[in-house]
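Two complexes come next, and they have one chain in common, chain A, joined by chain B in the first and chain C in the second.
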Partner chain A sequence: MPDHRSYQDPFYGWTTPKAISLCVQTLKECSALPFEVIQKMIALSETQILNEQTSTSMLDILWKIAKKYSISIDQVMLIFNGFVHVLRLALKPPAAFLKPDIFKDDLRDLKFSEQIIGEFHNILFGTKRDQLYLAIQERDRPRLPSLQTFDWNLDVTLTTASLSRCIEPLLLFQFRTSDNRNLTFEVSIKKFNELRYKTALILKEMEDVDGKQALKLLET
Partner chain B sequence: MTTPNQQLVDLDWKFAINVASSEPEANTGAARLYLKLTTMSNNGTNRTDIPLSVTLEQFYALVHQLEKAKLEMDVYA
Partner chain C sequence: MSNSIFSDGSSKIKACVSHINSLNEIKFKKLLQRIAEKTGRQNETIFTLDELNKLESAFEISADNIKQMIETLEYMFLQSAYHLVKPQVLLNDLVNEQNFDENKHVLYKAKLVVEQWSSSAKEIVERLKSTHIASHSLSDVRWTLDVGISQASKSKVKRPTAIYEFQLKNDQTQEIEKVQTEFNKEELYAFFEKLESIQSQLDALMT
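What follows is the complex of A and B.
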């Protein structure tokens, strides 16, 4: 079995990123730090990616760590930053690419201790794995506002100020977007039929694209 | 209550009955009125349209208030 280094680049790139090398260096300087604290910081970097806590409360936790073990906040920040960087770089390649052994070998090349490597392995391949990948895919890219709810109402107009006895259908759409905009508008029956046609066309095109060989993911 | 620089110029209305809806509470058969108030600013430049949609109850409350105002005006006219 050829060494994975011959056919797959390490997940962190071709050279060690500066943030990670600084993290390893600072870890060596703070060798008095007990492993539970390091474990806690790795867990904290996971919540950072999942955006579960506000940045102020995370900063408080880091300050407390710095005070309790009497190391400067700069060193704590360097270590924390390195951990977040490792996780982000590990989440970059597609999920099927980065196998656990390759991940661990790459972390050994970065000169992390075995305990830390075990921690990272548990986080990346643990319970929140899907959540982490979903967060990176859905959240951390530039996005336009999306459609949240779509309500419609079909009324029959009986009389208006200028016409009496005009029995006409009236279709109203209400779009609510993710940036809290409420768009209400009328749709004429002609436009509604065009909308139905275009939706059917989109669905057909999506199925065609799915079938194309070139767009299937490369499985290792 | 009245904004000093907008005057009501036109009131257009449309009376409709609900036939179908995407909301879970089926309120088919409920009547609704669609109003469009057109206001113009005092110096004749800005024309704004205010679309409203009122249920029958709300419309009767509106008519009630307008009739009260009319009665008061008739006393002093």
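What follows is the complex of A and C.
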């Protein structure tokens, strides 16, 4: 069985990232820190990735840890930063790519203790695995505004100021986009049909994307 | 007078009838055509100032009178549209109630109006039906389908993304507001489901 190192690069890259080496070094310096605290910090880093909590509340928790165990906030930050880094790098390759054993081996190469390696393994392959991957893929990229709510109104115009007998359907759309734009507009039946046709066309094209030859290279 | 379709504006019409009756028929017909084309359009005047001046010299009537005449004729078309009058009814009204000359030669004028009405009625009514009330209306939808293959946080992805550009036209100012949005597969499906439910409502309405 060839060593995985011969066919797969470590998930953290070709050289040990500075943030991680500093983390390991600081962990050695703070050897008095009980494992539960380290566990807590690893869990915090998972939360950090999932929720993008404002840095102030994270900072509060880290300050408390620093005070309780009388280590400087700098050291706490270095350790925490390293943990977050490990998780981000682990989430970078496609999900099926990084097998548990390879992940653990790579972590050993980084000189983390077995206990810590166990913790990381539980997080990456645990219950929140899909959420983590989704957060990294969807949130941490530039994107155009998306449609948050789409309300519509179908009215029938019976009479107007200009026509005593009318009977025309009237469509009103209200879009709210993720960049807080509220748009209310009329859609004529003709335009509505065009919109519906275009959407169906795009959906079909999207389904076909999976079959395209060139994109088969991206099979993960 | 009280039976007329134009009971609201009969005084206006009274003032112009003599002018109308004195016009040359061919020119009158062209005038009618032009007015019918533009009746009911929002935010557009029927004749520009230049054109009004030319009409003044062509018809040998003062500009004010011409303006009044044009307004009257437009008013007649709008009222006919409001009530969706049949041509014969219109003819009777014009001749009997509005004092368009009954002289066989000039009866022709009333007939011209009615003929113009018969041919343009559908178009005018359609135009009036589609006048917008809301400030913006959807004038166009453009789209592209992209596939994201890589990003800073992930080395390899396959992420089909639909980008829509909704063009909303402000009817008053004719300005176009562009709204760009992104949809991934799930979002696009949800959007499509909503469109489908609207369509089923429309179908229920039509039956």
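The rule is short, and it goes like this: the second predicted complex is superposed on the first by the 209 of 220 C-alpha atoms of A that agree within 3 Å, B and C clash if a C-alpha of one lies under 4 Å from a C-alpha of the other, contacts with A are read in each partner's own complex, and residues count from 1 in each chain.
Simple rule for what comes next: a residue touches a chain if its C-beta (ideal position, glycine included) is under 8 Å from a C-beta of that chain, and two chains touch if they have at least 3 such contacts.
Note that this is a predicted model, so its numbers are computed, not measured.
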Using the overlay on chain A, decide if chain B and chain C clash or can fit next to each other. fit
Just chain B (first), just chain C (second), both, or neither: which does A:154 touch? both
Which partner, chain B or chain C, touches the larger number of chain A residues? C
Mind working out whether A:32 is in touch with chain B, chain C, both or neither, as first, second, both or neither? neither
By the touch definition at the top of the document, which applies to A:183: first (chain B), second (chain C), both, or neither? second
Smallest separation of CA atoms, chain C relative to chain B, angstrom: 5
Check: chain A residues flagged as touching chain B and also chain C 150, 152, 154, 156-157, 160, 169-170
Using the touch definition from the top, list the residues of chain B that touch chain A in their complex. 11-23, 32
Can you name the residues of chain A that touch chain B in the complex? 150-161, 169-170
Would you pull the chain A residues touching chain C in the complex into a rising list? 88, 91-94, 97, 136-138, 140-141, 143-147, 150, 152, 154, 156-157, 160, 162-166, 168-173, 175, 177, 181, 183-189, 191-192, 194-196, 198-200, 202-203, 205-206, 209, 215, 218, 220
Where on chain C does chain A make contact in their complex? 40, 78, 81-84, 125, 128-139, 141, 143, 145, 147-149, 151-160, 162-163, 166, 168, 177, 179-185, 187-189, 191-192, 194-196, 198-199, 201-202, 205
